[in-house]
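A, B, C, D, E and F are the chain letters, set down in written order, and residue numbers restart from 1 in every chain.
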Amino acid sequence: MKLSEILVSRFACGEVYARPLETVRGCDVFIVQTATHNVDKDLMELFIMMDSLKRAFAAKVHVVMPYYGYARQDRVTVPREPISAKLVADLISSAGADHLVTITLHSDQVQGFFDFPVDNLIARKLFVQYFNKKKIKDLTVVSPDAGGVKEAKKFANLIGAELAIIYKSRTAHNVSEVTSVVGDVKGRTCLLYDDMIDTAGSVCNAAEALRKSGANKDIYLAATHAVFSDPAVQRLKKAKFKEIVITDTIPLDKKKIMQNLKVLSVANMLGDVIKNVHESKSVTVVL
Amino acid sequence: MKLSEILVSRFACGEVYARPLETVRGCDVFIVQTATHNVDKDLMELFIMMDSLKRAFAAKVHVVMPYYGYARQDRVTVPREPISAKLVADLISSAGADHLVTITLHSDQVQGFFDFPVDNLIARKLFVQYFNKKKIKDLTVVSPDAGGVKEAKKFANLIGAELAIIYKSRTAHNVSEVTSVVGDVKGRTCLLYDDMIDTAGSVCNAAEALRKSGANKDIYLAATHAVFSDPAVQRLKKAKFKEIVITDTIPLDKKKIMQNLKVLSVANMLGDVIKNVHESKSVTVVL
Amino acid sequence: MKLSEILVSRFACGEVYARPLETVRGCDVFIVQTATHNVDKDLMELFIMMDSLKRAFAAKVHVVMPYYGYARQDRVTVPREPISAKLVADLISSAGADHLVTITLHSDQVQGFFDFPVDNLIARKLFVQYFNKKKIKDLTVVSPDAGGVKEAKKFANLIGAELAIIYKSRTAHNVSEVTSVVGDVKGRTCLLYDDMIDTAGSVCNAAEALRKSGANKDIYLAATHAVFSDPAVQRLKKAKFKEIVITDTIPLDKKKIMQNLKVLSVANMLGDVIKNVHESKSVTVVL
Amino acid sequence: MKLSEILVSRFACGEVYARPLETVRGCDVFIVQTATHNVDKDLMELFIMMDSLKRAFAAKVHVVMPYYGYARQDRVTVPREPISAKLVADLISSAGADHLVTITLHSDQVQGFFDFPVDNLIARKLFVQYFNKKKIKDLTVVSPDAGGVKEAKKFANLIGAELAIIYKSRTAHNVSEVTSVVGDVKGRTCLLYDDMIDTAGSVCNAAEALRKSGANKDIYLAATHAVFSDPAVQRLKKAKFKEIVITDTIPLDKKKIMQNLKVLSVANMLGDVIKNVHESKSVTVVL
Amino acid sequence: MKLSEILVSRFACGEVYARPLETVRGCDVFIVQTATHNVDKDLMELFIMMDSLKRAFAAKVHVVMPYYGYARQDRVTVPREPISAKLVADLISSAGADHLVTITLHSDQVQGFFDFPVDNLIARKLFVQYFNKKKIKDLTVVSPDAGGVKEAKKFANLIGAELAIIYKSRTAHNVSEVTSVVGDVKGRTCLLYDDMIDTAGSVCNAAEALRKSGANKDIYLAATHAVFSDPAVQRLKKAKFKEIVITDTIPLDKKKIMQNLKVLSVANMLGDVIKNVHESKSVTVVL
Amino acid sequence: MKLSEILVSRFACGEVYARPLETVRGCDVFIVQTATHNVDKDLMELFIMMDSLKRAFAAKVHVVMPYYGYARQDRVTVPREPISAKLVADLISSAGADHLVTITLHSDQVQGFFDFPVDNLIARKLFVQYFNKKKIKDLTVVSPDAGGVKEAKKFANLIGAELAIIYKSRTAHNVSEVTSVVGDVKGRTCLLYDDMIDTAGSVCNAAEALRKSGANKDIYLAATHAVFSDPAVQRLKKAKFKEIVITDTIPLDKKKIMQNLKVLSVANMLGDVIKNVHESKSVTVVL
């Protein structure tokens, strides 16, 4: 099935304009728009496309947002903070969405920010297939912080690897933070596994900590969302990973391509989900 | 009264963050945010500031938006177009606004896109005061298109000038569009008066048409919103206006400052309106 | 396809009552109700019919309102005015509509007063077909005020006529308003073209101005909505138009039938639109 | 305290227009509008006044509707009926009300049709004061149908009268309906007591039934809402009540004034309630 | 058609958990949940089931609630009372229902508490079939209070019985309430008919009043909803009804089974309604 | 300030009833209702109290819910699960709340489930004061699972203790889960610190793991919410904690009082917050 054409352009003054070029009356429409470094523009483009579809009498508007922007601002940690991930959910709803398909949300609770159904796909399967083929021996999956342990555990089980955790602590007060490694990594091949790489600070520190703890073989890095904000590329180059495996949930700037970068595509997974959603079949079965 | 501090910053990944630095619990808060060339970023900043204020228990959130972005997309002219001005109204409402103060909306009907009160201030008074001081003789106010005639008429009356109109027509079919001048401008000083200057195409064409019609004295240009998208500055320089009088509803990029540019400030007018809104006094009296 | 029966009656106390006489469960229902001189009764009838349909489990309620009442109150021009056109939109939505089909809205921005899709049909095609058959020579289409110029231009192009504008101005202050004609009408047949005729004051003044400007042949009048409030009929009779061409968007009181009145029917156009909406086909194709 | 001025007028085309003539910014506004025989016009006037107040930044809009129109259409008795009393509640809410004050609702459940507070005042006190002064001997309060018995009982207790009921029954099938009197009325003065008089059919039948049952002294009639639809006046004149006591919740057409008609005013009661609502005091204390 | 499986369980802490065990994507789902003595738990279970269905992308959620809990709190009788029947309607709507099917609502006005369609089925037909088969001679249907007379009249007509009413009155003030019987019951078989039996106080008093009025033959009791709160069973046993006929809208506690209890099932009626709703056929025809 | 009286009772049929006994018109009302083992009843009581307050014209309704029920169901972990914590948020909003005050939410993201402000108080200060007074030497704060580490670290810093973590892992696949202790606990006094104790399984296992790891001195247990579901008390008795320190966010069943149980009161903290909210002062300052 081919993509329906929609005209999206910007006026000289910076305002965006969108118009579907075919009738969408009574159609089940899927808009695919991800968040990039121009997240505010991406969102306004999405909202305006949705408005044009809604007013053109689309039956249902499904938003497919492989990387959900503002996902990390999901709670108030300091008084008077916004909850931007909720705000984005409200704006998406207000602009007329009926359903959201997204990939590996930073926190699962974001699903509850919506009043309509959310399909939160997990890209894990892609990494499992990729690393299973490699048949790496003595492999340990490493979670670079406490928050990702659960997911890292599931992943490690599926590829038959052991698990370790990088843990930042300040064991006594007035002592500076220490990065320690929990689990045995001595002499093992390591695979750092996380949901996203933003400025790459924590994963690069983690790689260093692993080496200090005796992980003297290859270190792989795998993460779903390659945000790659400056100075991510510099740091990653310096950190000398054997391979950096990401997905294409965020389009990669050509300048950010590195020799040891491997991009797995989420396209087939999304395609299957869209097909099953459209045919009202279970989405669980394709994951 | 001093401005309350609010921290607004951007993360490396491009996401904006906002947090009021003082308690706003129970306060009547006014956020001043206008639309610039980065209109999508301006809007998302506004929404996130509003979210932080709403969650910090502000009593009322008044949005002061001197230049309302996307105002020109206010209707469907070709099938399947968005009504972006309505979408922006919906997003502002969804993010938690209780009131909008804006200046010289492109079409008055945009007020009806909101369910809450809108104060649409008209900057006319500032131009009247400025030009009355000049005591220009034989002055004709010129509206550069049919849409702005009503407002131009009011303005001309207040400064004791005559009125002319620039009128684009295709009087017979298959004939290219002609710019004609309605009203006598021969030998008179002209003042082109409009709501906004975007790429400056129509006002520069208008100036040319005036000269062709015998307006061989000074030509002034006055407009509330100086959007100044490329190639506005080039065109304006070439058009040799005696003076270009604008307001500061949109912050002016230093590169766009021209010798013959005069900026009138809306600050006092906004200040008076904010004061009266806060004290529940009539806003009409300050206009 | 025959009309479904719905009982609409009024009690002795003046309250209206409505009840569909057949099951509408799961149906796509179109209610045709226009605004007449009893606009408040028309609206309440519409709302009560919608309530009965919604509670009887109609799948979708499409409101077909050939003439949209209160359309001219679409903005605040004097402080503290209502925006009645928006209020009507809110009440229609609140009573349960999913879609509005209307004809030639007074201002296109009213579409943005709704959160759901609006099909604003333009009756122009009917007038084009009618006047093309007449093969009138030396014809000039005249817009009776500045607001209608854009539409008049499109119409003139389609019937191969020239364009003129009636223009009310007060070129200097303290001088009474003057009606002037822009464009050459001397010795030509004129066709005044507007969206509606209410009390007929401006079109009759326009006819007089045309004659003063040398339009000494026939003058036709064409307008979509024949509101015909008093003293429209008296004025129209006195103005001696060759022909007054209207549509049947508003049912015509028998007392208001004049010899030179020609009524074009919008029934086929509405029928085609309803059919395509129901079958989820493009509505654009039938216009 | 004097009434604030609001301009309400109708255009030639039948559309209503409203505009408050003073600033209402930040004010607690009470609009008094009752339902009459032109109930649809009354409602649209109310909605448009509310829209003008809301857009003029009134702090709270309290609707004071002494007689609530469409109150009797409060449930579906035959399939596919509207619930017009709920629809009216939705429209009032949609137009911007924050509170409703009304008098003697036809069914108390209508309060639940609103999401905001409703003060349903009972006019009983006025009737008690009026009849207590008369010191009528051997008085029996009569409820003209089963639905009003509870209220009639409370009233009878407060004026020290006995109670009787008019009861329409069809004790066996295929037998025509019989109006019977429950309770002893022989030789007693009777007072028929109801919430409203519409066409007066049932109260006039009731009076006849009372006379047949031996009520050979005066018969009084008392009811809160004097809807008086045709042929109410004819019937009431023929029925020869000693006195017909009503309130002024609905303005009385001069043609409907009868010699034996006594109108009690709800003005003081409403005034006290408005005062207490405005001062956030208990409303219960003034009833 | 078999029931779809949904897991409903409670955690040790008392919280309920629900999860449909099959895909419901795009399905028209009917949840059957009635109100019992644990009405708050029943409601929360219902809400949580609805949340799971809504998030699993059910097309429509139809709530089938044979006995609607909190139905009697349908108006404010004493200042500051809640309208719990409206609150329950709001909560059901908020949790995601699209439609309600219920049986014999305590007051029909509760339908108006919902914005979506409500099918209020009346169980009368079941009682008619049951009693017609018995061919009881000299039968009088008795309404135990004024509120139920209309329904009792319809029922009596359908089974060819006469009608009587139990009427509680305090004919003069300062006199204790008297239960009197309106209509002749002397020597007749009586059938007390009501919408529900809660603590059974009024029906047992009614039976006693009937006997005192000379009803010396069998007395039957029929009611749709068998709430049977303590001490209903004790009272009913003591009252010696010939037969107590109820329906299964509320599951009956085994301890409450009495020898003279006959339970009619609403299952077929509900099944037919669900079938017709699903197939968008008229529901009226199956009643 | 004394508590305002509100009548809360249950009918024989299990339905709850609530009515404020004083006028609340225009008042800022705080309802304190926590979740207990009868969480469904607690919630319905809360909703019905809110409905009565809203209809009695309370200015603002602040819900003070020390322990937020259903907080752990905050995301979909298995397809088709409900997000009950969001549902509860929706129901609270639907019933009319304007603000929520709660203590130590299970996950901070629940704040984003609300559209209005949420004050999520942290009980940490109470524990700090209590343990600082004890001046325990060689103290290690232990987080019983990975999720609570951040909070445990803050707490440890404030009381000058070291930090350890209990960590459940399955380091290789097909190996049963192992509870390991991260950080040195040998010979130290331990303080297990968590947000809630439900069935006490994990804290008792943690205590055992600590002992196995050489923690041969006292083990304290501290947690904000004492849910204490069966078999919590049995397990806690067996686990021989030196002291179990909880707060009174959930009323403690007398049967669950243990000798080594210490209850800290949140009353003062809540009182201060309520006072500051009511006076529109910062809430941050009292924490």
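A few remarks follow.
Note that in this section a residue touches a chain if its C-beta (ideal position, glycine included) is under 8 Å from a C-beta of that chain, and two chains touch if they have at least 3 such contacts.
Fair warning: this is a prediction, and the values are worked out from it, not measured in the lab.
In this assembly, the chain whose C-alpha centre lies farthest from chain F is C. Homomeric contact chain D/chain E is classed as same-residue, with over half of its interface positions used by both copies. Centre to centre, using the average C-alpha position, chain B and chain D are separated by 52 Å. Here the spacing of chain A and chain D, counted between their Cα centres, is 63 Å. For the pair chain E and chain F, the distance between mean C-alpha positions equals 40 Å.
Shared interface positions of chain F, defined as residues touching 2 or more other chains, are 23, 55-56, 76, 79, 83, 86, 90, 111, 118, 282-284.
If each chain is drawn as a node and touching chains are joined, the picture fits none of the line, ring, star or complete shapes. You'll find the chains touch as A-B, A-C, A-E, A-F, B-C, B-D, B-F, C-D, C-E, D-E, D-F, E-F. Taken in their complex, chain D has these residues touching chain E: 74-77, 79, 83, 85-86, 90, 107-113, 115, 118, 120, 146, 149-150, 153, 156-157, 160, 162-163, 165, 167, 169-173, 182-183, 282-284.
Those residues of chain A that touch chain E in the complex are listed here as 99, 111, 116-118, 277, 280-284. Those residues of chain E whose C-beta lies close enough to touch chain A in the complex are 23, 25-27, 54-57, 59. Against chain F, in their complex, chain E makes its touches with residues 11-21, 23-24, 36-41, 43-45, 47-49, 51-52, 55-56, 69-70, 72-73, 76, 78-84, 86-87, 90-91, 93-95, 198-199, 227, 229-230.
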